[in-house]
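Per-chain numbering from 1; labels A, B, C and D assigned in written order.
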Amino acid sequence: MKLKISLFGITKEIVGSPELEVSTAENATVAELQTELARQYPRFAELTSLAVAVNSEYAAPDQLLRPHDEIALIPPVSGG
Amino acid sequence: MKLKISLFGITKEIVGSPELEVSTAENATVAELQTELARQYPRFAELTSLAVAVNSEYAAPDQLLRPHDEIALIPPVSGG
Amino acid sequence: MQIELTDQPIDVAAALAAVQDDGAGAVNTFIGTVRNQSTGKKVVRLDYEAYDKMALHQMRRVAELAREKWPMLRQVAITHRKGRLEIGDVAVVVAVSTPHRAESFAACQFIIDTIKQVVPIWKKEEYEDGSVWVAAHP
Amino acid sequence: MQIELTDQPIDVAAALAAVQDDGAGAVNTFIGTVRNQSTGKKVVRLDYEAYDKMALHQMRRVAELAREKWPMLRQVAITHRKGRLEIGDVAVVVAVSTPHRAESFAACQFIIDTIKQVVPIWKKEEYEDGSVWVAAHP
């Protein structure tokens, strides 16, 4: 399936775009998505952390992804 | 010597005046003043505490008093 | 350091402005207001009486003590009200600025806690059926 | 509960007004401002980027979590700025009201500490000779 991933901050800079489309197996997990992204963008591995948010919540590694989920990469936050 | 004592809050109400004059021996201590006041105003003994301030500082019991000191009774404070 | 005792309504914005500092990333502010109840009784209003000279001196000392404990403290503003206050009125404002946030909380809390222990200001709570000098009796 | 994310200057007085409550005797406010330096480097300005929808959702969750931990919490107001900020600008305001003061400090500190951990907002510090996404790299 194709997943649209929203990008912010340094991940947006690394990819050079505010959005990214990734092809994964059906019912891929968050961990599988992370593995695929790390393969495509080696610079992600340099970050302190890189979480995945699904529908505005932080997602666990074993969470299953669906095509209509709102998915975003969350590099280390620094608000406040 | 004669000492002028400023009164506030409940001590002012007990005495019925914002100021009080007390006669003590020369070089009386804070503790001696407190004993004399307790004798004159038994209701002071009902208070949670009753400190003596000399020139805007809390005074220790053995501090010597002088006629020109600015002396005040400090019942339990409740500012803030 | 801005230390004030006033019988006029407290201007919180002025206290905040007083601690503004380009080297400070954190401002913590405590505002004490008059509640509509105290130990279960309905409060109608409050009267604060102050020993002005000593109150100002002791507030200054508390601020200095805070600066000794937190040397990175940038600015401190303390304003205490006196006289008659109605429900919701601001009785005291403490504002501090520090480079980082943890110290702003710690220093501000230390200042208000210490003010309540040492500054000669007395609060008389007025209820519908009487009044009492707070904390005077055990 | 008043939760906001804005690209306009933050109105601190509005946040304070939002937590006014006759049953609360204590208001604690944390204001985070842009410092002129960070880890020894001179900061010229900051750019804050936010994942708006999730940021608002997470700020709301932090406020709800605070209410679970401090059931006596009366009002909470959180406003975070985004976009370009200059030195001294307010980046975030957290204001809480509680009946007594200790809880106002604890709840406000919990909220700002947790915001800094979970709310998807990213700060880029601009120096005279470059810029960096704060905390992005170890």
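The working rule: a contact is a pair of C-beta atoms (placed from the backbone, for glycine too) under 8 Å apart; a residue touches a chain by one contact, two chains touch by 3 or more.
Everything numeric here is computed off the predicted structure, so don't read it as measured data.
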item	value
Most widely separated chain from chain D, with each centre as the mean of CA atoms	B
Centre distance in Å when chain B and chain C are each reduced to the mean of their C-alpha atoms	25
Distance between the centres, which are taken as Cα means, of chain B and chain A, whole angstrom	71
Between chain B and chain D, centroid-to-centroid distance (C-alpha), Å	48
Two or more partner chains touched - positions in chain D	32, 101, 112
Per-residue overlap in chain A, given as positions that touch at least 2 other chains	80
Pairs of chains found to touch, sorted by chain label	A-D, B-C, C-D
Partner chain A, residues of chain D touching it in the complex	32, 48-51, 53-55, 57-58, 80, 91-92, 112, 115-124, 133-138
Touch list for chain C against partner chain D, complex	12-13, 16, 20, 22-37, 87-88, 99, 101-102, 104-105, 108-109, 112
Chain C-facing residues of chain B, complex	6, 8-10, 12-13, 46-48, 53, 56-58, 70, 72, 74-80
